[in-house]
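Think of it as A, B, C and D in the order they're written, each chain with its own count starting at 1.
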Amino acid sequence: MAGFDKRVADYAEALAGLKDGMSIVAGGFGLCGIPENLIARIHAMGVKGLTVISNNCGIDDFGLGILLKDRQIKKMIASYVGENAEFERQLLSGELDVELTPQGTLAEKIRAGGAGIPAFYTATGYGTPVGEGKEVREFNGRPHILEQSITADFAIVKGWKADWYGNVIYRHTAQNFNPAAATAGRITVVEVEELVPPGELDPDHIHTPSIYVDRVIQSRFEKRIERRTTRSA
Amino acid sequence: MALTREQMAERVGRELRDGDYVNLGIGIPTLVANYIPANIEVMLQSENGLLGMGPFPLDSEVDADMINAGKQTVTARTGASIFSSPESFAMIRGGHVDLTVLGAFEVDVEGNIASWMVPGKLVKGMGGAMDLVAGANNIIVTMAHAAKNGESKLLSRCTLPLTGRGCIRRVLTDLAYLEIENGAFVLRERAPGVTVDEIRSRTEGRLVVPAQVPEMKF
Amino acid sequence: MAGFDKRVADYAEALAGLKDGMSIVAGGFGLCGIPENLIARIHAMGVKGLTVISNNCGIDDFGLGILLKDRQIKKMIASYVGENAEFERQLLSGELDVELTPQGTLAEKIRAGGAGIPAFYTATGYGTPVGEGKEVREFNGRPHILEQSITADFAIVKGWKADWYGNVIYRHTAQNFNPAAATAGRITVVEVEELVPPGELDPDHIHTPSIYVDRVIQSRFEKRIERRTTRSA
Amino acid sequence: MALTREQMAERVGRELRDGDYVNLGIGIPTLVANYIPANIEVMLQSENGLLGMGPFPLDSEVDADMINAGKQTVTARTGASIFSSPESFAMIRGGHVDLTVLGAFEVDVEGNIASWMVPGKLVKGMGGAMDLVAGANNIIVTMAHAAKNGESKLLSRCTLPLTGRGCIRRVLTDLAYLEIENGAFVLRERAPGVTVDEIRSRTEGRLVVPAQVPEMKF
């Protein structure tokens, strides 16, 4: 790699260094904006004992669900189990260590991790199981709990367009957790639909500045839709 | 007669004010979008990162990159904005959303709400609900008044793990519209044809019945 | 005001409700991206006893400096006094109550205020006068101090373009503190160079979503340059 | 002879690595931008919200909306990004900046630095300096070795209010390049023609002198 050219040749290089027992923070909400090819590669690598931080865990046969099914994940930090039957089963049976985290707290923990804020107070979760064992402190006459931030060995991110330097923009609601995840990886890998030369993206409208990104790769995406809902004309 | 899901959504719609930024949860709350009074404008926030949610797309408009918090495909209305999850919850946690409508398993007279798990049986996860109840200034819970076996869901104390403590002030059930005040459910309106006695028999938490309890009109 | 149309008729309406003793958080860095017309109006209103939160305090005859000169400001929360002679004089003489705050901590305090985070830990300022009297706690083997967030009665913001609903985009480095300030005002007022109908700004590239904004107004700006520095061709 | 400001900048420039994201403070650090070795590329971060600072503008390019942290008009290079202050300090505080170069009034053998005020006399304010010293993995301080009256600025203990505690490992003065290790300044290089004795006489904090102390070459 010369200078700021962060393009990698293939997915093997994109995820080089990922090992058993590591932590991975992933962008995406449901199946929207998930780094599906990076996940597929992690599946193919067969690494095990992973701690995965992601709002959801895909579905049974797509996204992070495929890692779950093959028991590559030891621990999940997520806000929503939803209709992922295998996730719920492994959680209820105790096979999987799960830290259910309110969605906004999860987003803020990841953002804070990337921003060098080790901990913050929030009213979210006070007086609920989420607050158990956490320090409670009053601010403005209201109890808040102390939440610690999250960083990970790898961040896997799905962008729309990136330049070779790793400046990234996201498309529509595929943005979601991706920009926060991009800041919180020791090594941040971004896969995009289109890789462009530096200078093609408007500097005023970069969602993820290049400084957070270590590797970028262009690929094709299935972009599966979880709940196709339409109106008639 | 108990309200239909559509009537519940319609009744909640009457609480909307012109210029409100509103977050609608999954289920009945989602239907409220169909009952925004004609003379006002509201902007719907979807916590996955969309402010200004529009209708579902036409078949030709479906876009995998455009979904709502219920993972349904949606569109954006004119004047919408799209942003990251931390930004979305900055809005929510920071109290910028005017009104939140969400479902629940149980609420109680202290304003506690339980909506995300039944120990040993069911775990949906809290998603954004804990943030919404902690952050919104104004919350309306929509839920069935009682379970199918008749057991009340309006309790003196929630039995399930909580989503939030002391944060609920308004509840719309299929039988009634109630406000939570001073440790009691205050019965404000009845569903058409539903008697005070019936509501009383299905409300486990303390119920206060004012002299006048008007029937809802549809 | 009907629905989401947040346009106001004039500067009187833009700052209606601003009273003696209130707090104001202002965007801008140096003289770049400052809400110069809103500041001029505050000067003309003659309100006094203000607490102003802003990275800088303008210069002697422009920006927030004009409020300082006429003693409208009781307290300044800022990171840099720099070459503002009157600011430094009032600070050293004790006439002005000043809370010097590291720039990144100030930015994060304002962001946190808008985001409903009442307090956070940061390593910045530990072991310095900034840390005095603040709680110290170790995270990851390193001492951090507890910092509380900031909100204000009014936020005054300078955007480039906004739509009638109050979606705002900023131009180049005139962005700086403006988006954070916009989130932290009980009443947020934005002045812009160009006001456009809703639908003209790309939803994927809004810097300040409309939900934070209460009033918008279009105006002309001097945009004074503090240090014009050029190279020869 | 003591280094000129340009020589100091040139010497610091040799510490840059290909692909580094670098924050340069006001003063001598700013000049480092002119001494980036020809075979490498670095990206300059300006804490007011610009990553990828370019040269000063031509007269015809001057833009009031385009300044650096020193309030000078600047340009953006190809591949730059521009963002808010909270985002800028997320980069800094989060340790994403590879190298920070900044000035100081004093440093000491514990790696403490003082750079933002002289009580009762001078208050510049800390600006972003406290965040930079707390957040960067790698900091080089550039400063005069001694005041004009000969008083050392490399101390056993800083006398002025601190900017950061225990965060400085490398110092380049007009007389020498030093590393701070185990409670001492370790003399690594001398300015051309400056003797170890002269450096010793102007260093109040404990100085360790290795067997070889090469002269800098320009």
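What we mean here is this: a residue touches a chain if its C-beta (ideal position, glycine included) is under 8 Å from a C-beta of that chain, and two chains touch if they have at least 3 such contacts.
What you are looking at is a predicted structure, and each value in this text was computed from that prediction instead of being measured.
Traced through touching neighbours, the fewest hops from chain A to chain C number 1. Look at where the CA atoms of chain A average out and do the same for chain D: the two points lie 36 Å apart.
The geometric centre of chain A is 28 Å away from that of chain B, both derived from CA atoms.
In chain B, 76, 82-83, 86, 89, 92-93, 135 are the positions where the chain touches two or more neighbouring chains simultaneously. Residue positions of chain A touching 2 or more other chains, listed in rising order: 108, 111, 115-117, 122-123, 171-172, 175, 203-204.
Taken chain by chain, the contacts fit none of the simple shapes, being neither an open path, a ring, a star, nor a full set of pairwise contacts.
Touching pairs of chains, sorted by label, consist of A-B, A-C, A-D, B-C, C-D.
Listing the residues of chain B that touch chain C in their complex gives 18-19, 21, 40-41, 43, 45, 51-52, 76, 78-83, 86-87, 89-97, 135. Of all the residues in chain A, the ones that touch chain B in their complex are 29-33, 55, 78-82, 88, 91-92, 100, 102-108, 110-111, 122-130, 160, 171-180, 207, 223-233. Of all residues in chain C, those touching chain B in their complex are 1-4, 111, 113-117, 163-165, 167, 183, 198-199, 203-204, 206, 209-212.
Touching chain C in their complex are the following residues of chain A: 108, 112, 115-123, 137, 139-140, 144, 148, 169-172, 175, 203-205.
Taken together, the chain D residues at the contact with chain C in this complex read 46-50, 55-59, 61-74, 76, 82-86, 88-89, 92-93, 112, 120-131, 134-135, 161-166.
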